[in-house]
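Look at the two complexes coming up: chain A is in both, with chain B in one and chain C in the other.
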Partner chain A sequence: MVSRGALVYIGQRTVLILFTAVAVSSIVFLAIHRIPGDALLNERHPDPTAEAELLHHYHLDLPLYRQYTLFVTNLVFHGDFGESLVNRGEQLTPLLLREATVSLEIGLIALIFTIGVGVLLGVFAAIRQNTWVDYTLTTTSVIGYSMPNFVIATFLVLVFSKLMYTWTNGSFYVPEGWDGTYGLLSQIPVPAFALGFPYASIVARLTRASMLEVIRQDYIRTAEAKGLKERVVIIRHALRNALIPVITILGPLTIGIITGGVVIENVFNIPGLGKEFVTSIITRDYNIVIGVFTVYAVLIGMANLGVDLVYTVLDPRIRY
Partner chain B sequence: MALAQIDPQATYIDETAVREQTSLWQDAWRRLRRNRLAYVASFYLALLAVVAVVSLFWTPYPYYASPVIVHGHPITFYDPPLKHTILGTDGFARDIFSRLMVGARISLTVGLGTQVVVIALGVVLGLLAGYIRGAVDSVISTVINIFYGIPNLLVALVLVLVVANGKPSIVFIIIAIAVTGWTDMARLVRGQALSLREREFVEAAIASGARRNKVIFGHILPNSLGPLIVQATFGIPQAILFEAFLSFLGLGVPPPTPSWGSMASDGFHAMQIAPFVVLAPTIALSLTLMAFNFLGDGLRDALDPRQKR
Partner chain C sequence: MRLRKLKGAALLGVTSVVLAACGGGSTSGGGTGLAANQTLSFPIDGDIGSFDPAEINAETDVVLYQNLFEGLLKLDNNLNIVPDIATDVPSDTNGGISSDGLTYTFHLVKNAKFSDGNPITCKDAVYSWNRSAADTSAYGSDFDHVVGYDKVSAKGSTVKEMSGLTCSDDYTLVAKLISPWPVFLTEVAFQPAAVVIEKSAVDKDPTNWWGTPGEEISSGPFVLSARTPGQSLDFSANSNWWGSTKPTLKKIHIDIVKDMSSALVKYQQGGYDTIGFGGMNSDLNPDDVYAVKNDATKSKDLHEIPKTRSIWVAFDFKGAGAAKWGGLTGAGHDLRLALSLAVDRNQLADLACSHSLICKPATGGLIAKGLKGYMGDNTDPTAKFDLATAKQLLKSADPTGAKLKGTVYVTDTNKAVYKNVAEQLISQWKTNLGIDVTEQVVDHSAFIKQYTSHSIPGPHREGWQADYDHPQDWFDNLFICGASSNGSQFCDPQVDTLAKKADTEPLAQAIPDYQAAETQLEKDAAFVPLVYTSGDILWHSYVQDIGANSFNDWYWLGIKIGSH
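Up next is the complex of A and B:
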């Protein structure tokens, strides 16, 4: 299945992603360093030699172009994002990698949920068109994509922590966020649901529309006339073609889930990239801001590459 | 008139003649009014706009400080709803209803303001790219494609840090959202211009000696107004949502100015003690976004009847 052309294509795209990452980090680096005052301005420095030492440690005493070349060479040749400005001595690369996996975990579960639930509801609405099932699902989907994910998160926490606390005996209830880096099995569903639900509504709408178009085509009638069961016709014949328009929004969808993750991780105290991003902006840990933004650029590039590869699986007409 | 001489009993001819004279806009208005959800949504939005304007001059209590005493009763923080005030008070003993009113103004200002900037940027660039084509189109399309791959929220967050130093004003938030959000509008208008420039009426206008500006703004723009209005209507809730995100994360309009996002954030942190604080802003936000989406759906159906849902 994986041809030589596909491998070359993946290689080219990977190089492009890395190039984008360096470009993005450069832009953020230069933009951040034109903020007046250096990053350590908020601190008191009773001892001038200590301050000079600190500035030297972070290369902040060098002219900007030297700082920049040092930053880029460290990033490109050592994969090193430098040190945190707030938590002195904390190396950023392992920190960012760990947080990226946390974000990936919650994002992937949300994505699976989004596509699974969205497609399922869309197909249901389409094959029961103009019945109460259809009306309920389409109305719910408008409500779904009109509700911000932090509102859904709020209601879920309210339900599980307040109204149903005794009934659920505290499961799904997240008092101070995740214990440990990767949440427990009972802690994942609520954030993943809140993250995925608005997008599940969009996927459901799209699936319904394209499903309605596909099931009126001749080859579906042929399949039915052959005496195949409805389930087989829907899953094997109709759904595969109906999914192609859905795949086209996978790119924006992934970006949406990454963006939504920034909010959801802050709501549920999940120690991922999004939480780190907002925290570092508030504490002005510029090195982390640059690092997180770069990792986001890489993640988005990889997600887009993945989407393009999924195309080829679903639609054999597309080849690379 | 030939019609007047026809037998008056054959009124159906007269009716069809009148029907044909209705313009696109009258027709669209008729269809929009028939869509009950969109009708209700526009009433809700009109009410919201009135509340927003009223909040400029009058709120029941100040939004930035506690009313202290209401009807002789001292007001404490997390005063429950309907006891002394309609929606109760928040963690600083401020009246939630008053803050909700001002929050409506902030949300509508951000939503509408963003769309004004987006329309100004997106329409002009989209028309230029689609009508002139060539190098202009390449440059604009490349910029659109670069923006397309970057999550808006991340760019806006970095802008808030780098340009506004973490304390953005409303105008800054509007600009930050518009800078990251004009590409959808530009893409839409570019597509419209690309297809409209090949139509006969544009050819006729050029043949009759119309200048380029006249063709672009007098013929192509009015004919792409329908999709443009729909896109702008869907853009408003996106901008409101975006502002709510920023405020929820603590990087929006600085306090004490209330934004529905920051009110929701306050309420979220107080959920265990006072769960009612979070309800008012989140419900208001969801209803408003829903109303704009329903109105957008209605407008789309009304302005473009050929399009399938």
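Up next is the complex of A and C:
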């Protein structure tokens, strides 16, 4: 049952997210128009008449303040990001929404992997402290958060797509690429792993440290003395409290996954926002650049809101 | 104990997912029969800009669209001009070209039709050409010699039809020119602007008729059947295709990828039938191509395609750097020539182009090897590696070294070969002449902005990929005074006189004049020629009748997928 206070809080945060999105769009709008070059330039210098007509079609011949006014009006009142400058006639709002769902798909799987695997490894390392299990998992975590995700991604492609194909003569390998909008089941794990592994390593380290602190508490000793099974003690008593610091970093972690997706999507050719982001900046497709930044701002705002709401589930003392 | 079991299960689960087997790796082999699934699959590294013939510009768009639309003339796979919707190529002998060279008569076949079944007649061709001319985009100006073009293309003009285009009957198109223009047939055969489209399709959705499956009405053997912007394109065989040869391919699936290296991995896994196709033969990573070439098995799939692109160094003849770099004679000339003679182009191609795999030394002028107007191997005196003369010229042009101090070479990131060539060039100038030139790499869009606004005050990358096989394409766009893509603002009236004379002559007569103009360019040391690029395509052996010429891919119409 959601309380009135929570609903008010959610409403306030949603309005803040929308304001943030408009502010981000405005800053990006002004910045992208300052960068030299534009999408309509070509080595084959077009006819001046044609060039003028193209500029007029995209309102690029208007003064910057008028372009901005048009842009804000269309965005706020119609939710319209306009038309692509490179792919003539392509409406951007449906394109960006589709790509956002793809990015959300891979980001969500990466997040589940991050939290699930990170917590699992952290718990194992803590309960097997100073054993080979602990040392192995700790070392793996250090490697994980030391390596940039594009290095991990490239390495995974090399090993699981290229070398494994050669070693097994095409029998066992991870297929490269991305089929359809949402990919095949076999194509999802490797990019999700590449995206989530560095953060899973951070979660593992944090969980280990937090668990080590919690399992030394008196109430844990009491629970063990009562004869409860180790699994029950860990999961029901220790983990819940050990997770609070982990939830604290969930916000930045989610943001890291969202922004890390830019690199991963480009390496694995995933048709999400990240791939569009890089392409649109290189081609100076102004409207797409602004659209991508805006969608990212909204996603990050919503992720932060989600994390704040998760707190209330974990810690009943927190109420809005 | 249970935790141990959980640990084991988790490990097994992860391993299973990661080792997901995905299909048998049956080896390709040229089967004698055809595969049941006649789908050709390949990647391209950027979404199409437009298939609208009036707006089309990028190389990828051109090589794809040529399978969707037909024109009165076209090029065959060997770059010969052949009739398409026309019954034959107009000439003096068949009466298709008048004796004064001003009137061209095209007779259309009577069975040509659009993919919706409607017949293609003269009025469709006239509509299409008028529309391209009125749009005045990339190739619309190819009709600039047709009577009435100036009225149609004028800014704000309400005139939509060139008066020089008429239909004497439903299947005869007559084009009248303002002056003899032997290049006209080449332009009609080569150019996307000259294909035939259906008016009703355009009227239904003027902005996006070409990109919406179902709305795009083609005149060619394939139609656009599905499109996810930024992600994929699908084409299927046109059931109303009127040509005598029917397509064997039923479907073409194209993925839009960001990274061709990853796409190459997918190709090697059997996920694509070919890579480098779709206008991508210059976009494969040179290191990847080199690795393939050195693999005894994989190299059998590799095919090198000479391209029509040249790369050279341009300077500044009229802007801020003109005092240093400009002048047809004198210190500026000597400085440019010194820089050119100090370049060992064999070494340049070897180091910058993966052991000359993706480019070759440019020693026969700026027009790429294999094209009409090419001067011949090792004929360009400015392309000789002559260090002694280079040092002498440098000493006389810049005795104190003050002029070359702080020189910046500007290039862009559009293709890997540009950066590689720049690095090797600067290295050679340092080693051979002892001069320090800084490389400035600018992103492509910013580079084009600087280039087209003539604001680069010194040496910079310049290049050209031919639109069609005629020297007029090079001279009128690049080398004559005020040419639209003459980034350095080079201007020599002698070159202009020769080029303009050649433009009006039949090709056989024109070539010597174009070559004389190019000899003048060499005397002026206007540019530093560097390399001619070549492309690479890989295809599995089961793909039959696939290939590319220096301009385009071979048509999809002839391609077959063999059993494998």
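Quick note on the criterion: the second predicted complex is superposed on the first by the 294 of 320 C-alpha atoms of A that agree within 3 Å, B and C clash if a C-alpha of one lies under 4 Å from a C-alpha of the other, contacts with A are read in each partner's own complex, and residues count from 1 in each chain.
Criterion: a residue touches a chain if its C-beta (ideal position, glycine included) is under 8 Å from a C-beta of that chain, and two chains touch if they have at least 3 such contacts.
Remember, it's a predicted structure, so these values are computed and weren't measured experimentally.
Asks: A:155 in the overlay: touching chain B, chain C, both, or neither? Say first, second, both or neither.
Replies: first
Asks: Classify the contacts of A:278 with the two partner chains as first (chain B alone), second (chain C alone), both, or neither.
Replies: So A:278 meets both chain B and chain C here.
Asks: Can A:255 be said to touch chain B (first), chain C (second), both, or neither?
Replies: In the superposed model, A:255 contacts chain B only, not chain C.
Asks: Does the superposition put A:266 against chain B (first), chain C (second), both, or neither?
Replies: Both chain B and chain C are touched by A:266.
Asks: If you stack the two complexes on chain A, which partner ends up touching A:124: first (chain B), second (chain C), both, or neither?
Replies: second
Asks: Is it chain B or chain C that touches the larger share of residues in chain A?
Replies: Partner touching more chain A residues in the overlay: C.
Asks: May I ask you to decide whether A:190 touches chain B, chain C, both, or neither, giving the answer as first, second, both or neither?
Replies: In the superposition, A:190 touches chain C alone.
Asks: So, does A:35 touch the first partner chain B, the second partner chain C, both, or neither?
Replies: Both: A:35 reaches chain B and chain C.
Asks: Identify the partner contact of A:232: answer first if only chain B is touched, second if only chain C is, both if each is, neither if none is.
Replies: A:232: touches no partner chain.
Asks: Can you pull the chain A residues that chain B and chain C both touch?
Replies: After superposing on chain A, chain A residues 35, 157, 161-162, 266-267, 278, 282, 284 contact both chain B and chain C.
Asks: So in the complex, which bits of chain C are touching chain A?
Replies: Touching chain A from chain C are residues 2-3, 7, 10, 17-26, 46-50, 52, 55, 57, 135-138, 140-141, 153-155, 207-208, 211, 228-231, 255-259, 262-263, 265-266, 268-271, 443-452, 463-464, 467, 477, 484-485.
Asks: Residues of chain A touching chain C in their complex?
Replies: Chain A residues touching chain C: 35-39, 41-50, 52-54, 84, 86-90, 95, 98-99, 120, 124, 127, 157, 160-162, 164-165, 169-177, 181, 184-186, 189-190, 193, 230-231, 265-269, 271, 275-276, 278-279, 282-284.
Asks: Residue numbers of chain B touching chain A in their complex, please.
Replies: On the chain B side, the touching residues are 149-154, 157-158, 160-162, 165-166, 237, 241, 244-245, 248-251, 264, 267-268, 271-272, 275, 278, 282, 285-286, 289-290, 293-294, 297, 308-309.
Asks: Which residues, counting only chain A, touch chain B once they are in their complex?
Replies: Answer in residue numbers: 28, 31-32, 34-35, 142-143, 145-148, 150-151, 154-155, 157-158, 161-162, 209, 255, 258-259, 262-263, 266-267, 277-278, 281-282, 284, 289, 293, 296-297, 300, 304.
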